[in-house]
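You will see two complexes here that share subunit A, one where it goes with subunit B and one where it goes with subunit C.
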Partner chain A sequence: MRKVWIAVLAVLGALAFGQQELKAGWLYVGPIGDYGWTHAHDVGRREAAAAFPWLKTIYVENVPEGQAGSYIDQMVRQGVKVIFATSFGYMDAVLEAAKRYPDVIFAHATGFKRAPNVATYMADFYQVFYLNGLMAGALTKTGKVGYVAAFPIPELKRHINAFTLGVRAANPKAKVLVRWIYEWYNPAAAKEATEALIAEGADVFAFTEDSPTVVQVAAEKGFPSFSHYSPMLKFAPDHVVSGQLVHWGVIYKDFLAKVYAGLYTPKNLEDVDYWWLLPQGAVELGADFGVPINPKFAGRLKAKAVNHPIFGEINVYDLVMKLHGLMKDVELAFDPFQGPIKDRRGILRVPEGLRLTKHQLETMEWAVEGVVGPWPNEPKK
Partner chain B sequence: MRLVPRGPVGPALSLLVPLFSVLLAFAASLLLLALFGTSPREAAVAVYQGLFTDLRGFSELLRRAVPLVLAGAGLALAFRAQFWNIGAEGQLLLGAVAAAGVALFSGIEGGWLLPAMALAAFLAGGLWALLAAVLKARLEVNDVITTLMLNYVAVYLVEWLIHGPWKGKTAFGFAYTDRFPEAASLPLFPGTALAWPGVVLAVLLAGFFAWLLFATTFGFEVRVLGENPEAARYAGVRATVTLSLVALFSGGAAGLAGFVEVAGTHHKLLSPLQISLGYGYTAIIVAWLARNHPLLAVLTGLLIGFVFAAGDVLKVALMVPFQLVEVVNGLVLFFLIAGEVFLRYRVVFGGRRG
Partner chain C sequence: MVEDWLVATLARGLAFAAPLLFAALGELVAERSGVINLGVEGMMILGALMAFVVADASASPWLGVLAAAGVGALAALLHAFFAVTLRANQYVSGLALTMVGLGLSGLFGRAYAGKPLAHPLPKWDVPLLKELPWIGPGVFEGQSALLYLGLLLALGLSVFLHQTRPGIHLRSVGENPAAADALGVNVYLVRYLAVVFGGAMAGVAGAYLSVAYRPSWTEGMTAGMGWIALAIVIFAAWEPLRAVLAAFLFGAFYHLAYRFQGVLPPEFLKMTPYLFTILFLVLSALGKSVRLGAPEALGRPYVRGER
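Showing the complex of A and B:
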């Protein structure tokens, strides 16, 4: 359906603008070879470039925050009309540049400040993390799941919480042990953290870091793990269960087609905020594209039965598939943060029958029951 | 082929050699770019258009040069006294920390805030360098090691502050302080992102250091201490006092660079790798190329600012990979430093005599 929509827009755009070319530029925070965040954005850029013959793209890697404004100047000088800024730290630079160039369209990933010519966008994983948590809970024998985490920011807290809710739904006594490494990319620190978690008894692993280190270290000891961001099945085909994958291209194509068709202009983006999840296809469950669950783990997951409030007696494999189906549907009949949910200090965070708003998800600082380890900025009230 | 010492060098040669190095460096860079499929002509045109056809482009060159000149002029002074300050990076970060602290927590308002931030930054950078200077003067601890190591301490101090006690309430959980109040922003030159007081500060400070070094008794003491510590002692130069003052000025200048970066560009304290793009380390080369002459550091700082800004332009205009840009930056610095050998030695072809 979405593809048809985009194709129609593209044709409309072509009719409206003739053969006019649109030039878009990307600001990347890391190198495109990082096998994580920047790599995934660049895959999205190339998808958009391949899909639209009228689109020309350029990009800059490793953009320091203090230089973002200067790179934007250079891009505008090159005739770029749409600029995607792919790091939270570019927020102020983008908003200042947006005032400087009122005819240029900006889209800022992970940000929350918009303007008539600044939209925001995000592809979020929290639904996928819940499903991974279910599997992790089913697979742990020690009842301890290890999580190697980059920074204690709301995005990661939301993901770890969703993951932990999944773990506890499959295994109510299990705990998720968290280690922060304070880097987005640091294989050495990730290795150290994984080894420390192994020493503490963890036997299943998930993580937020831009390298396959956790997968590799866990696999050496024979422990299952969940890949992050890019497909990591190939690094340990017998040990990676599933994971989370992103499709930034889905957002880029939608956005650019609408710009080309004249639906998005430098005057009407104040309320354009992409918060795209499973239903839009911006994220995917799996350790590789098209493989939601590694078949090698199907047996163990099917052997683990849980008593689910909606589905009754059901094995974890089927439960994951059922909930995956529900969350992929735009009706969102299921959400991981479905009340009642208490935090680990015992405070009720999501009342019975309610869900969290997008803003509450984006600013989440508390930790659910079952999370073990330091949790900076944990609210006391 | 061998190298023979030249002895004293005239002004013509000491100008020609670096000029020739610069030309060679640019030629080698263009050749390297050509090897990777970027036409040298296109590259030169892109850099010219990016930096020299409008004010905004040119201001980026200056914005890159300001912290280099500030820190570089200070290092020139330090190196004259043979205080081997490799710690400008850390002193710059301490300056940024102090400026941020004053901006966020001092409660000072209005026109006094910026001067207070600058003063705090100068003192913080200076005291950070003073630590190493006192250790050197009193205990003969190697200053290369202490100043270098203090850089890492400074990095972790900033990290701790932005993740811990100074983490902003409006930072959405990210590791930043809150944004400084409006009064803590340096004014920008209209139509650019360049904080013009930074330019003024850099030139004035370089001039002040040159005056200090060549027109005052203190400067004379500094030079004697650097060139012949024994003689300095006989002449009654108080090594500890002189060295301490040199450290204070040198570190203070780097601290001011940190102040200009946070008050002019960032308006908050953030990751140390984002506050300074290695300016404290590159400033060592700025000072060295300037023959440790603080005023010449203005020129060498501009030169290296140009190299960095040109790299930025090439990355966008011609999509030159950032790795290649960094290699080119390194290559230019390499040529500039390698060229110095020919100032001190002359090449003699043929075998050894007798």
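Showing the complex of A and C:
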């Protein structure tokens, strides 16, 4: 349905503007070759460029967060009308530039500050993390699931919490051991953190770091793992169970089509905030595109039965598929952060019958029960 | 429990030390000849990419390691030309090499990002020695053969520097090139050879990362290890065997930083490898006749007839 809309908008736009060209620019925080965050944004950029003949795209890699302003100046000088800033740290630079260039449209990924010509967008994984957690809980034999994490910020805390809720739904006694590496991209740190978790007895692994390191290290020892961001099944075909994948292209195409059609202008973006999840197709469950669960693990997941409050006695494989179906539905019949949920200090964070708002999800600092390890900024009340 | 910790710390410390050791030993030789090369990071990453590309194409990881040594040596040759022949500022030339290396490898490596390596360097268990208690599983099991080569290289270099005539020539060139020249040592040749050797070893260090430690290519995968290797040369007071100790300590504390995360604040643990490595080496040097100074002529181009 969305594809039809985009096509219609694109045609309308073409009619309204004749053969006018739209130039869009991307600011990347890392190298395209990272096979993680920046790589995924670039895949999205190329998708958009291929979809729209009227679109011209340019990009700059390795833009330091403190110097985004001058790179934006350069882009504007080159005639760029839409700028995508793809790192949280660009936030203030984007808002300042938006004042300097009131006729340019800005879109800032993962941010929360908007302006008449600044929109924000995010493809979030928390639903997918819950499903991966269910599988991890079913697969751990030691009851210890390892998680290698980049920075202790709300985004990762939300993901680890969703993951842990999944783990505990499949295996109420299991724990999730967390190790922080304080870097988005550092293969050596990710490797040593994984080795440390292995030494602590973890036997299933998930992570947030921009390389396939954790998957490779776990596979060396024969342990299952979950891929992150880019498809990593090919790095360990027998050991990657599933994972989280992103489709930034879906957001870029939607956004640019609306700009071209004149729906988005530099004056009406104050409330434009993409928070796209499974229903919009911005994220996907899988070890590779189109492989939600590695068939090699189907047997072990079907052998693990749990007693589920909605579905009763059900095996984990079917449970993942059913909940996946529910969360893909725009009605959102299921959400991982469905109360009652207590944090690991025993404080009730989500009351019975309630869910969290987007703002609460975006500012989450507490840790759910079952998370073991340091948790900077953990609230005491 | 204690055994687990000890074995894991030994094993992880050494595995992490291997690339640092190669890069540090290479740089140590270059610096002993009086030439500082800040291009270690750049030569390392060129080596990492070259090793991956060749290992991927030829299905032979060892050929990859060899090619990495070659590309590292070639890059170092460029530095030697600037630093020795043109007598340019060595710091600037080295930094330029790092930037060029990072840039070039990013550009040419794009096609290889996200590609698994079918034939990585195999792990090698040392027969008999692996049966030893504690040391066996910690040191002689599950490590890459490159690690043992690195340890042997350190031993060999230590003997070379202190016991052989060419080794003494090398040192004299780094301490007092005019005197060495007067004695008939070809200062330029020795410096060229030392710098090129350093580059080859930095290339091997990069190869270890991309075909053994984590068999794949990603841009910027050396992630600052070249700079740590440069620091290790200083911590080690330009002695090969102390470089082994320094690299191992760094690796061991790097591992322990993740083991202790449950107990101590991670922000503090993040700096412990640097802190404890320096502390330990300084303490171990106290009261002994370990010279802590750099080679006299380090960083100074040699001009014949000038003093």
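Please note the rule applied: the second predicted complex is superposed on the first by the 381 of 381 C-alpha atoms of A that agree within 3 Å, B and C clash if a C-alpha of one lies under 4 Å from a C-alpha of the other, contacts with A are read in each partner's own complex, and residues count from 1 in each chain.
Throughout what follows, a contact is a pair of C-beta atoms (placed from the backbone, for glycine too) under 8 Å apart; a residue touches a chain by one contact, two chains touch by 3 or more.
Since this is a predicted model, take the numbers as computed values, not measurements.
Once the two complexes are overlaid on the shared chain, A:A199 sits against subunit C while remaining clear of subunit B. In the superposed model, A:I58 makes contact with subunit B only, not with subunit C. With both structures placed on the common chain, the touch criterion links A:Y71 to subunit B but leaves subunit C unconnected.
Look at A:F112: by the touch rule set out above, it reaches subunit B but stays clear of subunit C.
In the superposition on chain A, contact is made by A:T363 with subunit B only, not with subunit C.
By the document's definition of touching, neither partner reaches A:V283: not subunit B, not subunit C.
Contacts of A:S230 after superposition: subunit C is touched, whereas subunit B is not reached.
When the shared chain is aligned, subunit C comes close enough to touch A:R179, but subunit B does not. In the superposition on chain A, A:G89 makes contact with subunit B only, not with subunit C.
When the two complexes are laid over each other on chain A, subunit A has residues 31, 182, 376 in contact with both subunit B and subunit C. Remark: subunit A residues 30-35, 39, 177, 179-180, 182-183, 185-189, 191-193, 195-197, 199-200, 211-213, 216-217, 230, 234-235, 372-374, 376 touch subunit C in the complex. Taken together, the subunit C residues at the contact with subunit A in this complex read 4-5, 8, 12, 16, 106, 109-110, 113-114, 116, 209, 213-221, 223, 225, 254-255, 258-259, 261-262, 265-267, 270. Looking at the complex, you find that subunit B touches subunit A at residues 49-50, 56-57, 60, 63, 159, 163-164, 167, 172-176, 179, 193, 261, 265-267, 270, 273-275, 277, 312-313, 315-317, 319, 321-323.
On the subunit A side of its complex with subunit B, the touching residues are 25, 31, 58-62, 64-67, 69-71, 73-75, 77-78, 88-89, 92, 112, 151-155, 157, 182, 362-363, 365, 376-377.
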